[in-house]
Structures are given as C-alpha cells and as structure tokens.
Amino acid sequence: MPLIIKDEYPEKLFRDDGKRLDGRDKDELRPIKMEVGVLENADGSAYLEWGNNKIYAAVYGPREVHPHHLAKPDRGILRVFYRMATFSVFERKRPAPGRREKEISMVISDCLKPVLFLELYPGTAFEVYINVLDADGGTRCACITVAALALADAGVPMRSLVTAVAVGKIDGELITDLSGIEDKAGEADLPCAITWFNEELSLLQFDGETDLEEFSKCLGLAKNAFSKIYEIQLDALKKKYIEIQEEYSRGEKK
Amino acid sequence: MMNIKRVISTIEKNYILSNLKKEERIDGRGLWQQRDWSVKSNVIASAEGSAEVSLGKTQVITGVKYDVGTPFPDLPNEGVCTFMAELLPLASPLFERGPPNEQSIELARVVDRGIRHADCVQTKKLCIKEKKAVYIIFVDIYVINYSGNLIDAGGISALTALISSQIPEGKWENEEVVWTGKYWKGDTLVNELPIVLTYGKIGDIIFLDPSLPEELVCDGRISISVTEDKITSIQKSGFATFSIEEIEMLSKKSIKFGKKIRKDLNLWQYKL
Amino acid sequence: MPLIIKDEYPEKLFRDDGKRLDGRDKDELRPIKMEVGVLENADGSAYLEWGNNKIYAAVYGPREVHPHHLAKPDRGILRVFYRMATFSVFERKRPAPGRREKEISMVISDCLKPVLFLELYPGTAFEVYINVLDADGGTRCACITVAALALADAGVPMRSLVTAVAVGKIDGELITDLSGIEDKAGEADLPCAITWFNEELSLLQFDGETDLEEFSKCLGLAKNAFSKIYEIQLDALKKKYIEIQEEYSRGEKK
Amino acid sequence: MMNIKRVISTIEKNYILSNLKKEERIDGRGLWQQRDWSVKSNVIASAEGSAEVSLGKTQVITGVKYDVGTPFPDLPNEGVCTFMAELLPLASPLFERGPPNEQSIELARVVDRGIRHADCVQTKKLCIKEKKAVYIIFVDIYVINYSGNLIDAGGISALTALISSQIPEGKWENEEVVWTGKYWKGDTLVNELPIVLTYGKIGDIIFLDPSLPEELVCDGRISISVTEDKITSIQKSGFATFSIEEIEMLSKKSIKFGKKIRKDLNLWQYKL
Amino acid sequence: MMNIKRVISTIEKNYILSNLKKEERIDGRGLWQQRDWSVKSNVIASAEGSAEVSLGKTQVITGVKYDVGTPFPDLPNEGVCTFMAELLPLASPLFERGPPNEQSIELARVVDRGIRHADCVQTKKLCIKEKKAVYIIFVDIYVINYSGNLIDAGGISALTALISSQIPEGKWENEEVVWTGKYWKGDTLVNELPIVLTYGKIGDIIFLDPSLPEELVCDGRISISVTEDKITSIQKSGFATFSIEEIEMLSKKSIKFGKKIRKDLNLWQYKL
Amino acid sequence: MPLIIKDEYPEKLFRDDGKRLDGRDKDELRPIKMEVGVLENADGSAYLEWGNNKIYAAVYGPREVHPHHLAKPDRGILRVFYRMATFSVFERKRPAPGRREKEISMVISDCLKPVLFLELYPGTAFEVYINVLDADGGTRCACITVAALALADAGVPMRSLVTAVAVGKIDGELITDLSGIEDKAGEADLPCAITWFNEELSLLQFDGETDLEEFSKCLGLAKNAFSKIYEIQLDALKKKYIEIQEEYSRGEKK
C-alpha cells in the first residue's frame, strides 16, 4: 500500500508580497554552507548544505580499476556513484540504486570530466562517491558543486572548479535556484554547470517549455548565480588551508 | 570486455576532424544535414502500436503495450506512460548483454523527457476510474542496428508507435473494468509532436545527427527536443562543454529543423 | 493488476470448409520469408518472417570467451541468447530474461551444435543472438531456422544447415506448422529439427498426449515440411551470393 | 571455475564406449536396465507432502508446499502447480552456487512438462472460489547426491511427494477463505502416473538410465514421459541427433518400461 | 579487491597488543572506557525522525520513514519495524559498493535484535485497524565515517531517531485510512532504552568500544544489549572464544555501563 | 496472498505432569541421530536428525578460491553456505538465499574457525555447504554440530570438535534444547557452542530478557548438554572408522 498522505502542491508559488514561498527574491539563492576535508578515510571529501539538501562527497584515487576490464590503457577513468538515502525524500526510496541514480551518476561524471587531466593517469580510476542524505530541489547541481570541492580537496589536478545551479520558471516567472516544491510544481527547470577554465557549460539539462527569448534569460540568470556560488566554494577551500597553516604554525603538523 | 572495434584509430579521428573543419563529413553530408529517414508503422501484430524507424543505417523498432493498474495516490486520475530501451547485442559488438546500462537508460530517459515535457502523451485521458483504474502504457524501444544517433531515431519511433496504437476502451462497472469493444486511437494518446535533434561536438565544431564514427570520436553531444516553437527538453552528454552562444544558436536551429522534420515525416498519417 | 481482456480461444480450430482458421490446409505452411546479411555490424545475420513471427539472428565469432572460465581448452563453445521483445506477445513480457528464455537458448544451442566443427576453435566462442520481435506459434523452430542461416552467413564451417518445424494435433487432427492460436488451443505440439548432413533429428520436444501410431504420423508430416523450408533457406543464401556477384561485376566491390 | 572432476579422461571415455559396444556397461547393467529404486514418502514434517527417492546413488528430496492466491484472469477456476529444482553444491563438485542455471531449469521443466501434459495434477480441483481464490502448489526438488539421471529420479520424487500430500481444505465464506479442518489428499491432486524415462546416446549406441560417468561422456540424452499407453512429453538434450527410427523404437520401449516401473514402485501406496 | 589499508602490519598489531597487556590503549583510553559521544536529532527534514551520532570519529546518520500496509495474518494487530544498514564507501576504503554484505546485515540485525527484544518498539501501538492497516516503520542506518564499533553507534542513533520521530496519526474510516492531522510522537513508539555495548578481544584481553585499528587486529567481538537491569541480546562475532567466566563478567559490566550511558546521553530529551 | 492458517501457539508450554509438550523433562535433549560419510562426491559429509531437524553438511577443500580476490595470501579461508529448503518451514521460504541465511552462514563460520588451522592453507578455501531440509528449533546449533562432523570426516586437521546447543526460558522456566514451538512461543533463547580444545564458547547469541543470575544458570544447562551431544558426535565418527576397518579386514578396501 503506498503512502496516503500526499505531498500537496500549493496553488501559488509566490506570496502576496511578490516573494517566493520561502521568502526569497526571484534571483536569490538559498542558504549554502560548504566544508572540505570532512571525512578522514577518503583521499578528499566535502560536505554541503544547500537549502535542505545535505550531501557528502568523497574521492578515492587515482587507484586500481575494479573490475579490471573497465580500465583504459590510454587514460584514467572517472567513476561517479550518486546515491540517495532512503529517507532523503518524501516517500521512502528503495535501498537499491535505481535507473535515475545511474543516469544522474553519468550526467555528473560527464560534467566533471572536462576539468580533469585524465590522460595523465592511464589504467587508473578516480572514484567519486556522492551521498544525498536529505534532498531538496537542485540536488544534482548541489552534487556537482560539492563533488568538485572533494576533487580539489583530494589534490587532483584540475583545470578549474565546476559550479552548478538550476534556474527555471514558476507561475510564469523566471527564478534562480529552485527549491523542492518549486521544482515539482513549477513549469520549467534548467540545471546547468560552468567549467571556469573556459567559462562554458558542462552540464545542461532542460525540462519544461520555453521559447528562445525566455531561454536566453534563463541562461543569464544562471551566469549570475554561478559567480556567487563559486565564491562560497573558494571560501571553503581557503578555510581548510588556513586551518592547516595554523596547525603548522602551532607545530601540530610537520 | 575489450573490443577491437571499440578503438577508433588516431588516423581515423584526425581524418574525420580535418573533414569537419572544412565543413565536410566522411559520408558527404553538410554539417547541418540529417541522414535519410524511413518510417513504417504497425509492424508488430502482437503490439498495441509499433514502428520501425531507420535514420541512415541506424534502425530501431518500438512497440507499445498497455496494462491496467491503480493510479498513484497523488495523481488519482492520471495514467502512466513508461519508456524502456534495449541496445540489442545484435545491433553492435559495442553492446553487451545484461541489465540496462547507462547508455540504454539515457536513451529511454531522453526520449521520455522530450515527449513528457511537451505534454505529448495525454496521461489524464488514460484514466478509467479515478483512484481505481488507469492505463499503464509501455513504450519499449529496441535497437536493431547501431549506426549512430540512437536518440533521434528512438524519438521518432516512439512517437510513431504511440500515434499508430489502439488501446481497448475500458469502463468502470460494478467495481471492475469492463471492455466496451471500442479502442482509443493514437490521437487520444498523443497531443503534440516533439522532435528531438542531436548534435555532436568535436573541438569547436558542431554538427547535426552524428554517424557512428563521428559519435565514437566526438567530445560530446547535445539533444534538444522542440515542439512547433518551444524548446521542451535538453540533454548534454559526454565531456564536451558548450558556450552560451552555441547553446542559443543550436536552440534556434532545432526549432527550424524540427518544423522541417515534422512536415517531411508527417507522422499523423500513421494514425489508424 | 493483470490484463482483463483475455485472448479468448475459439471453440473450433477448423472452419466448416475443413480449412484451418487462417485458411490453410492441414499440411500447409504459413508464408515464410528469409533474408541473410541484414545487419551490418555482426559477423553474420539473418531475418525471418514466418506467419506473424518476426525474428532477427546475428552471429559473432569465433571470438574471445567472456567470462573466461567458460572457455574450453579443447574446443570452441556455442552460446545462444534467445530473447523475446516485451511487445512480441499478448501480455507484455517482463524485460529481464526469464527461465523460459534460458531453457530455449539451451535447446537451440544443443540443436545447432551437431552441424558445427567446434573442435577446430579451442578456447573461443560463437555467440548467436536471436531476438523475437513478434511471436506467433513455432517460435523456437523459426529461431533455429534463422540462426542456421546467420551462421552460414557468417561463414562458419558447417556440416549442413538445420531446419526446424513444429507439427501437432488440433481438434483431433494432425497438422503441420501450428500457428499461435493452434499451439495454445491445440492438443499436442511437436517441435523438431533436422540436421541435413545425417538426416537425423537434432531438436525433439513433445507436449501433448499421443499413441505410438499418431506419433509416427507426426514425424512423417515434419519430414515433408523440412524439405519445403530448406528450399527457402537455400534461396535466401543464394540471393545474397548473387547480389555480391552482381556488385563485383558492377565493380562496386573488390 | 575449472574443476578437475569435470574432466573425464579419454581412456575412461573409450573404456565406457567399448563396453557399450559389447552391450555392457561399466556397472554391469544391460543397455535397457535401470538402477535400483528406493522410495520413501513423508520424510519432511514441515512439508505438506514429501519424498526421498534414490535411483542407484542419485538421491533427491522433494517437498510440496501450498499457498492461496488469486487465479489468472483467463483461467478463473484453476489452481496453479509450479516446479523448481535446486542442484545443491553438496550433491556434486560440478554444481555451483548461484541462481538457477540451465541444468536446474531443465530438470524442473522436464519434470513439470511430463506431469502437466499427462493431466496428472488436477488443477481444476485446486479452486476454492472462482475468480477469487485458488491453491498454488509448489513442488520443489532438491538434489542431495548426483550420480547421473536426475530427471527420472526427480519425476518419481515429484509424483510421490504429490501423492503423499495433504492440503488443508478451504471454503469461501464472507469474502475470505475459511479452513474446514479437513484435508485434500494426494488422490484429489493426482490423476495419472506419468513415468519419465531418460536414455543416453554415445555414437550410435543408446541405453537407459545413464549413470554419472555415462552422462559425462555421452553425446546427448532423450527423456520420454509416458502414461499407461500414451506419450505425453519428450525432451532431447545435448548435441546427439536421433534418427526417426530410433525415436520410434524408444517411444515403444518407454511405454513398456513405464508399465513395469509403475507396477514395481506402486506409488499409490504412499497416499495418506 | 585487495586494499592496502586492509592490511595492518604485524608491528602495529604487536604494538596494540603490548599496550593492551599493560591495560593501555593506543588512543590513551582505559580498557573499559568508551570514546566520546555526540548526538544530534532531527537533522533530516525529509525523514519522520532522524539522528546524527558520533562515537569518537565513527559517525552514523539514521532516518525513520513509515508506510502503511496490511498486517501479517498471524499478527493482525501489530505493526512492523524493520532495520537496514548501509556501509557507504565514502565512510571507508574497506567498504565496497554493492548489495548488503555480511557486515551490513550484521549491523542491522544486532541493532534490530537489541531493540526488538527489549520490547523497545511498541509494535502493538502501530496498528490502525486490525487485519486491515498497520504502520511499517523503516529505520535506516547510514555509516558516514568508519572508525570502529559501528554497532554501539548504530544502536544509539536508531534509538534517537525513533524517539525524535513524528508519525502521522491515521484512523480507519469507510474502508480506508484517513489522516487526523495529529502525530504519534517518539514516546508512543519507544518504550525502553536498550543500550548495546561492544567489547573486543585480543588473546585473552578484553576491552570496551574497539577503535578501528583495534577492530582490525582483534580476534573477535561481543555485543551485549541491556535494559535497566536485564540482558536482552548478545551477539558474538569473529573467531575469538570466550570462557563462561568472561561472559558473566561482561554481562555484569554491561548493565553497569548501560546505566551510565542511559543517564549521560539522556535520550528522551530528543522527543519532539 | 499469504497463508491463512496460522501456526497457532499453545497457551501453555508445560503439561499438567510438569513435562514439556513433547514429553521431555526440562533438561532433556530431543532424540539425536548423526552419521558421517553420507555423500559420495564431497570431501567430507555428515547427516543429522535432531528432533525434526534434518540437515546435510558437506565439505570441499582445501581448494582454489572463487572469486580469486577473496583468497588471503597468509591463510586459508572458511566459507560456510547455510541454506534452508523451501519446504523446511511452515510458510514456504523463497528459494533465493535471504539475509537471515547470510547472517547465519557468517555466525557458523565464526564459530568453527577457532578449531581450524587456517594459517596452514594460504590462498585456499574450505567450503562448507549446510542444507536444512526440515527445520525445528535450534537449527543453527544443529548445523554447527553437523558441520564440525563433516569437517572431521573430510580429514581437515582440527584442534577439537565443536558442539552446540540452545538453552532458554519458557513459561518462566529454564530448559535445555528448545523445540520449534518452544523457540517461537518462549521467552528467551540462548544458542551457544563449545570448542572442546579450550572449553570456551565459540558461538554465543541471546535474545530474550534475563537477569544475571538466570543467565548464569542457562550457561550451566548448556554445559551439561554439550557433553551429551559430544558423545553422539564421537560415536558417529567411531562408527565410520569401525566400518572402514571391517571393510579392510574383509578385503573390500586396500
């Protein structure tokens, strides 16, 4: 028997004062918190809270490829394992990884590859584990953002960071950074990611209905949001290096 | 499983690339030219709808089946339409046996999303009795020959199979489904004709409808689904990146190409 | 919830004029069409329509065995993968291969092995993929018949072709080449195959109820049908060689 | 997984073959002689019916369980009888762990078909209430020791387990199944006693009831199920081929052997 | 998959052992001293109850979800509470991808049994309508960082998640579940506070709360669940053996340690 | 639809005469029968009947490890595969191995390891297959007891045998060797096993509710039962050696 209480959608996604249901302006991001080096056993790791999203990412590698036949003689491979906790969504997710998780893993992997120098690591693999413990809107963008940090934390050489955000349309208006309810009840959703080294889009998905003009406006909104999120990523990395420096100067590390 | 055919030589790659730089393709097409289409409907007697579609030498067969089930509690009067794709090993030595892999999941998902978001399948019409009985429509895509660009061929085949389908009409009587003997035709199911267009990118060169060798050497692809004047779905794949200008250019082109394909193929002719 | 419209069986399987429901005489075959070399990526391939059966077969090999432990040091192996499309039958088949598909794969493999020289290919495999896209009665016989063609098209050395047909009993009468409805509503079904090099039976299954005399008559019916189907197989092979010859003579191949 | 016991030496093969040519077998039997049977019923307290059967050193244990379910829509007043076989790794180093493989599927299917087509299990009697509730009977065969010819042993064990079973009698009252406290016995379930006989073939020599070494070296096998005077099921396996004359000869022999086994084993004695 | 971190050197093993013989541990603890606890509840907005628990550097997050189902026929008025554990590969290179392995099954089972046998979860209160509708409670434990002794951390996190949970209250009206808008709180679900304590053994030395290096070198472990003055569950694992005297000593200690932890952590504070 | 007849539990687990429902005294064992060398194809085997439990165990090894990555360079591994037949319990068990079977396999393996010299067999595996064909209470203890015999029958060097039994509490009274109904309807269950070489417990599980005093009494009951069961194990082993000796003396073996 399935759940009987449904997650009801509100009739309107804007309040009377023109703000969104969570009080944000149209182009305002939800609160974002990032931290690197949070897990002791991985080669690199990061933690992110973005609205209600709570996500851990960890990187192992370069290491041996299992199963062996996946190894490439001329380059390293990037393997992304995106998973949702059973309790991260309204209706309990089944524990086994589903098709959606496989698809998103591939999408994230394709998005991160352009910044890596995989040709320098023939025969090996970088494995990125991303676990969503609480999910809100924009989960895949949050995952890309935190995975890029985990790769940086692992010391993997990168052309640049990658930053992702979803923009979209609700009640006929274009907005930045859709929350869960805006994603489900809204009309269009455009998750995208930027690779800073060439300032091109490395993730681009769209679902909805839009004409060309509106579509260009969406891309403009995304561009603005990228910069703000990028700052938070850089801060998280800096914070760790400052901590390490302080430990050195206090003589705790050598 | 290392397969010798999976490796394309550097010479071949360079040859394809140097042609593309001259805006030429190894099969003689221009950058924005699709291969030829062939569409046949009603090819599977056991299916409620079906289509055999070729795009160049790429060949897919899609069949529609139905079942009756209870609706999801939060959508008590909507039917369900699900897409599956299978990359048969006979279509290419690149395809392995086994459960759905990333590539087949992606094919099904991109076709699904292009159709779903164009409001193409009228799931609200697929309700027999609110809260009690709705149709479940299965659209299953089988790849018979793989010669590049499965997504565009899959999209047209799924649309055609849906348009050509006949689903028995059911009524709710005495707490069970009773069949009236009539049929819902494709125009009950299908509302819009979204066309999906896939582009390859190598270096900074972009081209429509990648053939197999082009697909094997390209850095990435982007698939754009369009209705008459709207974009309804986009999926980038592979490790290519695209500038915003490129995306805008491809969106515009897709609406133009979509119109042409919609007119050329005239899919409504396949309604029974 | 399962399907509610059932595929109803007719009360009688013969019309008043003594013909079968599809207009055939008792010993008449359904229309059969065969073509070889239909798939460009396989080492050999064939396509068959037999009544409403629509079947593709492709052969790869001799090639490396995966997984390795299946390889035999003293001979090649033949692996047959028989699969039904989800929409090939009245009630949608589940996508994953079922027990029936595994059993029929083995039966087909056992049927084809006698004509192959597997001892000449130690450590390798021939893989035969057979996909039924539309199913009518006699599917397994149709699969054997088309698989033999695909093997020949792949240039695999063979002692002879293999030809299969089902005979059986409906409404108390013996008939040749059961259609789907005759198979389900009938009383007995005898799929069998002949290996022409020794004119013995290489497939023999039976389900029904028969005494010895009737059983012998069935085998006689099968014998007659084999020859007719064999002609169609030979024609399909000839047609391809003629085409190739013509291409050569037109200078398109060299 | 390469197993040393799986390889039978050429010497052994030739020895078996040269004996057979003299119409002798390595265990001293004649070509048409079965090994000894041992049949025990009612060996599993937790099962609704059970049997432990040996044919020579081959040993199988079969148990019957039941459940109540809704009937298939096209057979609203028929119960269901399903067969499963498991080749336990303790029965032979040739048997591997894991999900059912071709050999165990074949064993279950051939036993199933022999029994099903002889109209042996009275599925129409397994209905509690049309459209609502029918019995599902599970006949599960476990191979304890593998010494050749599992099919014939499996067939007798399945029959005996069914004959020896007791299924609680249910009635339909107030939209649910109510148990009367009485039981359906084996003679409600079982109608006919089909006997399955398996023959091995090496070169052009055919023999009844292959032992393990014979089974490992033979070119193929044929299993024939017979009732009192009819053939109900045949399955050829392996890469042997059989001439029509051989098939006719074996059919005739099977009916004769079937009569003898049916009489010798007297399976109805196991009814509770 | 051979992992370099899986091998602990003989030197390290001897170092740990020689310390333990002096009743010292490599992290400075005494033999019967636990690492520090940190407990946070209500950390997952999407879950009906949740907890993030650290024991030293070992970190687990547990969430509670619910569903409504039909009860088992032999327990017509009891709900169901199930436990699952996942050892995320990000928590340790020792954890592999894939379906539940022995270690994750054991973690879930030992936590389950400790809680179940203490009559901790009030499954009888989880009934909405006898025979018709009961709650199914899912307690899912995710290991985020593995630094030894997952069982004790898993036990506290499961308890806290249950205590902190709110389950919508349902009534049975007109043959379906209707939601009252109120919630069952943790004190409806949870009755007792069983504490599970795990001890490692190397040679004949026993110690509480093994850290990761201790866990990797020890011969075995024993986990004892206790309520205020009773033992409710024991699980020995690994190839260590324990004398009866040792078992009695550890049982006594567990009741004492349980009292202290129950008081220190004061889990009822997490009730909403 | 699940089973509708339930296996009802009796209200009282003692009869008026103070005996248990099956007529036993509180500390009395059910009838036990053991035999070794019962399967011809395994390296060692044993069969056990204990109450209604019917269990076969077989041992293969030392042999190659499959899959290879499980092999340990410095020692042999012990793999136990415990399985229940579908018909061994009241409600038919699903054929695929479940979580409970995996857990018990591990528990049995942990219990047997202390008596083996695995360090003498680097890179190899001992595989123990245990199949429960009919299940009553105390199945896991019965499995350990019969598996120890099968290992001995296989000639695997052992420090000692292992003997297991469950003790527990029903209707407030402590008893030895719980039957199925006592296990389900009783209040506490303590399966345990002894390794005779050091007389320590190598299996110890407990589920129920007990104070320390009662718990000690339970362990005392177990101790008494161990000795009785051990005698039966030794008899089974002796019986086989006597048979072999007799065969030699009759000249049947050499």
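Observations on the structure shown:
All chains are identified by letter, namely A, B, C, D, E and F, in their written order; residue positions are counted from 1 within each chain.
Operating definition for what follows: a contact is a pair of C-beta atoms (placed from the backbone, for glycine too) under 8 Å apart; a residue touches a chain by one contact, two chains touch by 3 or more.
Model, not experiment: these values are computed from the prediction.
Looking at chain B and chain F, not one chain touches each of them.
Comparing mean CA positions across the assembly, the chain most remote from chain F is B. With centres defined by CA atoms alone, the chain at the far end from chain A is D.
The interface in B-C, D-F or C-D that matches A-B, meaning over half of the contact pairs are the same by residue number, belongs to C-D.
Between the Cα centres of chain B and chain D there is a gap of 48 Å.
Rounded to whole angstrom, the centroid-to-centroid distance between chain A and chain E, based on C-alpha atoms, equals 31 Å.
Per-chain CA centroids place chain E at a distance of 28 Å from chain F.
Centre-to-centre separation between chain C and chain E, using Cα means, comes to 57 Å.
Among the residues of chain C, those in touch with two or more other chains are 2-4. Across the assembly, chain E contributes 1, 100 as residues in contact with two or more other chains.
Taken pairwise by the contact criterion, the protein chains form one closed cycle in which every chain touches exactly two others. From chain E, with chain F next, the chains follow one another around the ring as E, F, D, C, B, A.
Remark: chain E residues 1-2, 72-74, 100, 102, 105-106, 109, 113, 116-119, 220, 222, 227, 229-244, 247-248, 251-252, 255 touch chain F in the complex. The residues of chain A lying in touch with chain B in their complex are 2-4, 6-7, 69, 99, 102-103, 105-107, 110, 113-114, 190, 195, 198-212, 215-216, 219, 223. Only residues 1, 43-48, 50, 57, 61, 63-70, 84, 86, 88-93, 97, 99-100, 133, 138, 140, 142, 144-147, 168, 170, 176-177, 179 of chain B touch chain C when the two sit together in their complex.
Of all residues in chain A, only 1-5, 39-42, 45, 52, 54, 56-58, 60, 66, 81, 83, 85-90, 92, 95-96, 127, 129, 131, 133-136 touch chain E in the complex they form.
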